[in-house]
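Chain IDs A, B, C, D, E, F, G, H, I and J follow the sequence of writing; residue 1 opens each chain.
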Amino acid sequence: MATDPAPKPDSLETFDNPNPTRDFEIRIDAPEFTCVCPKTGHPDFANMTLIYVPAAKCVELKAYKLYIHAWRNVGIFHEAVTNRIAEDLIAALQPKYLKLIGAFHAHGGITTTVTVEHKDG
Amino acid sequence: MATDPAPKPDSLETFDNPNPTRDFEIRIDAPEFTCVCPKTGHPDFANMTLIYVPAAKCVELKAYKLYIHAWRNVGIFHEAVTNRIAEDLIAALQPKYLKLIGAFHAHGGITTTVTVEHKDG
Amino acid sequence: MATDPAPKPDSLETFDNPNPTRDFEIRIDAPEFTCVCPKTGHPDFANMTLIYVPAAKCVELKAYKLYIHAWRNVGIFHEAVTNRIAEDLIAALQPKYLKLIGAFHAHGGITTTVTVEHKDG
Amino acid sequence: MATDPAPKPDSLETFDNPNPTRDFEIRIDAPEFTCVCPKTGHPDFANMTLIYVPAAKCVELKAYKLYIHAWRNVGIFHEAVTNRIAEDLIAALQPKYLKLIGAFHAHGGITTTVTVEHKDG
Amino acid sequence: MATDPAPKPDSLETFDNPNPTRDFEIRIDAPEFTCVCPKTGHPDFANMTLIYVPAAKCVELKAYKLYIHAWRNVGIFHEAVTNRIAEDLIAALQPKYLKLIGAFHAHGGITTTVTVEHKDG
Amino acid sequence: MATDPAPKPDSLETFDNPNPTRDFEIRIDAPEFTCVCPKTGHPDFANMTLIYVPAAKCVELKAYKLYIHAWRNVGIFHEAVTNRIAEDLIAALQPKYLKLIGAFHAHGGITTTVTVEHKDG
Amino acid sequence: MATDPAPKPDSLETFDNPNPTRDFEIRIDAPEFTCVCPKTGHPDFANMTLIYVPAAKCVELKAYKLYIHAWRNVGIFHEAVTNRIAEDLIAALQPKYLKLIGAFHAHGGITTTVTVEHKDG
Amino acid sequence: MATDPAPKPDSLETFDNPNPTRDFEIRIDAPEFTCVCPKTGHPDFANMTLIYVPAAKCVELKAYKLYIHAWRNVGIFHEAVTNRIAEDLIAALQPKYLKLIGAFHAHGGITTTVTVEHKDG
Amino acid sequence: MATDPAPKPDSLETFDNPNPTRDFEIRIDAPEFTCVCPKTGHPDFANMTLIYVPAAKCVELKAYKLYIHAWRNVGIFHEAVTNRIAEDLIAALQPKYLKLIGAFHAHGGITTTVTVEHKDG
Amino acid sequence: MATDPAPKPDSLETFDNPNPTRDFEIRIDAPEFTCVCPKTGHPDFANMTLIYVPAAKCVELKAYKLYIHAWRNVGIFHEAVTNRIAEDLIAALQPKYLKLIGAFHAHGGITTTVTVEHKDG
């Protein structure tokens, strides 16, 4: 099965934090994340939840949605994809705090959730 | 599409804290907040939850309800409106503590929640 | 509309703590609290939750139920009545810890919860 | 308060039934319907559910969404608006069967649901 | 304990059916009904649900709310009050169909629901 | 283990139907029914739901509650006790319709529900 | 992988219907049914729900539980095992009515429910 | 955006009905159906529920799962794809009864469910 | 009404901790606890939840179940019985940590939960 | 009753941590764990939840699933099996942190949950 390459991190467009003088938190739930198992070629589904405290930059919502869609035909494991998306977001936003939770649907009666957390400094 | 100006902060009427000798918490859920996306003109909906510990002043419930209604036809983004309402309330109440949580309904399969927190002093 | 006076705090009968040598917690949910809005005369409804750690005295359950019933036709605001009941209980029980949560039903699309907390000493 | 006129029925664009040889049912939930109370000027909210069996025509989803949005600043009562939308849809689609359920959010502790049903011929 | 007389049926104001050429159904949930037990004087609570198909007349929502409030201090049993309200509504509306469901909260571990149904002609 | 005799059917006191000219339904949920397994002596628990349309007589709620309590230490199987209570009620009320549903809690991973239905004439 | 033979139908012990003069329904939920996929050897799990109206005989609960346990290491498909258990029960009980619902847990993102229904005569 | 062709109906492998002498029902929930909107190229998601009464043939579960996966990159509208899958299944199984329910996730605040029903003969 | 004496603490049989080199937690929910109100003779019901970290001894599950059953006909108040069971368990197990939560069902619209906590040393 | 030996710890295959420079958490829910009671031979069921922070190694998902399946016919008590699985995982992964929660289904009205926690160093 032919799969796509991973989306480019620079597709994660940003905009300036609208209230840089006060820390606040943004949470974005993407319940329709899907990619492909590199072993079997079967689709995997996850609720991908991003929580972060912006520094200078916020992620643009529409660009983030398209970045999430771009994983649709990429072959990659649960642990790897959650870490990869987290690293892309940390590089793009350099946030004060970030947590990414990939809650994958059950596979053979087993449900996996991968959580990556980043604290600035 | 013509949109309305943001509501005036001084429409947030207050009354004297009925028990100033003891800290207590007030939580007000407004599940019917709505404003307009400045890009597309489509309506946005949110559950706007305010939690605060009053100092000298409490917000009057009916005035708060009308202030929330007044955002109905204003064009403004999720991150901006939640921060703006929080700043209006902090200015009007000068509370000991305040948290405002704007939990917006899904847009294109993506759900956004913005949380602003303020601690006195 | 004629309303009733507030119930007398001394109707809150107590009994001796059955295990004074060990701290323990008592939680009493009264989901059928009702009083009257002093502005409009319309009824207000709340789930009134009491949590406390007794010192020498516990509140007698039947007396507490009748005390809660006695607010039925009293005209008083959300913030005031929750603080008033908390102060009555603190005076009657002198507890090590007490929290009272008045979770009022929605009014014009707005839901209010008032939480009063007391720590001994 | 200035309100808008009702949306035009002919904004309900249609497309040809993709399977006219077999009866099937389409259900469209619009949980973010909002209009304005003509008495008080306060906003009203409803989950507007459409269920129909198409004859020659189906309603185009994007046009239906914009038609629903167009009621946002119209002043009209619950019973009237649900009947009006049903009549607009019946005229545009001439369906074999149609049901419209307007489930309005609570108002002063009272929740109203209006259900209009149409059977062809 | 002094209780109030039952509310007058003629307080149930009506308005003209806005779509008399098509049968439709109106459902009104009043989750905050309360009256008083004539034996013990303790308050009773119920979710009172009205479902009807109007003929010439619909019940006015605000008048219905006040009629429901007016039972607050009336001493009457579950079976009697549900039948009484149903008969008042049938007299005032002469509807094509009517159902009234009084779902009372638990009393001593026992929950009672009374359902009255009326079909025209 | 000594068990009690079954409660006497004549403890099911009745009162006159308050609206004999119109059929209506009464539902009484008793979620705290308990008796004893005659084989093992272990307690059994059930939600016992009674639904009936009265003819001349209704069952008095307090008497019914005490009748339900009176099964507490009686040794009897699920199928037998549900049929027995149904027959006692049919004899006492001679209702137009009656259904009794005994929904027993799980026993060794198996949950049993027994439903008895009676139609007059 | 070695699997067990199917349980013997005559292990389904019965007892005499305690109320043969009135039709009633018995429902038995067995949420811990498990057998083995004959292709892959992986375990399958189901909630097996039996609903029946007894004629002369009822199934003994403990024997039924052991019969259900006896499928634990049998290799058999969803459609086959649900039909097989239904036929065993029909033969043992000769009931007036019987329904067996095998609601299997998800397998590769697909959930299967098999329902067999039998009416006497 | 390049999309895939629709899957071939003959990929729906079947096996012989294991109990052809008794009608029974099979329900298969596929909550991870996904295809692509032909207008915008954005992914669509649905819970696709199949309910049928087999005649001579049942659909093989693994083949059905792969057939469902094969729609992943096909560009097609909600109403069309649900009818298309139903027709493929009816052709492959010639069942006594079949219902297919495509419950699509929300799109711009609007949720669509398409239901196709087939009765033999 | 004659009631039983409280169960003997020494009926709480124990077994040796199977992993004494590592702290771990055991939680046992007993949702079918029942005793009798000493004032009214009416039954009381509770979900009795035990959470503990064993030292040398664990409580044997079957003995604990029978101990819980033995309170069935004992007349005792909510606050007293929860403290009494906690003290019996602390004496029998000498655990590193123990919490007992007695969550009683509603009585006259009032729900009581009693929580006793013990820390070793 | 003949039971199987416990699965071998070395069947827990591992793979290299894909992001060793940042701590992250993996949670794996196995809701279909089953073993056998060594006293009665009856099956036991549990939701076995593993939460860990990997050091150099992660557990391979398919191998973990087969290891869980391998307990199916082993006779062992709740407290023992949860501790045993935790020790096997700690030995195989030498994780920075690990928690294993065995939430067993109810047995005779009593539900048991065993939680084992491990912190590195």
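Here is the rule we use: contacts are C-beta pairs under 8 Å (C-beta built on N, C-alpha and C of every residue); 3 or more make two chains touch, one makes a residue touch a chain.
Remember, it's a predicted structure, so these values are computed and weren't measured experimentally.
*Asks:* Shared touching chains for subunit C and subunit F?
*Replies:* E, I
*Asks:* Tell me which of A-H, C-E or D-E has the interface of A-B again, with more than half the contact pairs shared?
*Replies:* Copy of the A-B interface among the listed pairs: D-E.
*Asks:* Centroid from C-alpha atoms only, then distance subunit A to subunit C, rounded to Å. What do you get?
*Replies:* 46
*Asks:* Taking the mean of the CA coordinates per chain, how far is subunit F from subunit J in Å?
*Replies:* 45
*Asks:* For subunit E versus subunit F, what separation do you get between their C-alpha means, in angstrom?
*Replies:* For subunit E versus subunit F, the centre distance works out to 29 Å.
*Asks:* Among all residues of subunit H, which ones touch two or more of the remaining chains?
*Replies:* As it turns out, subunit H has residues touching two or more other chains at 32, 42, 45, 105, 107-109.
*Asks:* Check the chains against each other and report every pair that touches.
*Replies:* A-B, A-G, A-H, A-J, B-C, B-D, B-H, C-D, C-E, C-I, D-E, D-H, E-F, E-I, F-G, F-I, F-J, G-H, G-J, I-J
*Asks:* Show which residues of subunit C lie in contact with subunit I when the two form their complex.
*Replies:* Those in contact with subunit I are residues 18-19, 22-32, 58, 61-62, 64-65, 68.
*Asks:* So in the complex, the part of subunit I that touches subunit C is made up of which residues?
*Replies:* Checking each residue of subunit I against subunit C gives 77-80, 82-83, 86-87, 107-118.
*Asks:* Can you list the subunit G residues touching subunit A in their complex?
*Replies:* Interface residues on the subunit G side: 42, 45, 105-109.
*Asks:* Hey, which residues of subunit A end up touching subunit H in the complex?
*Replies:* Spelled out, the residues of subunit A in touch with subunit H are 32, 34, 42-43, 45, 69, 72-73, 105.
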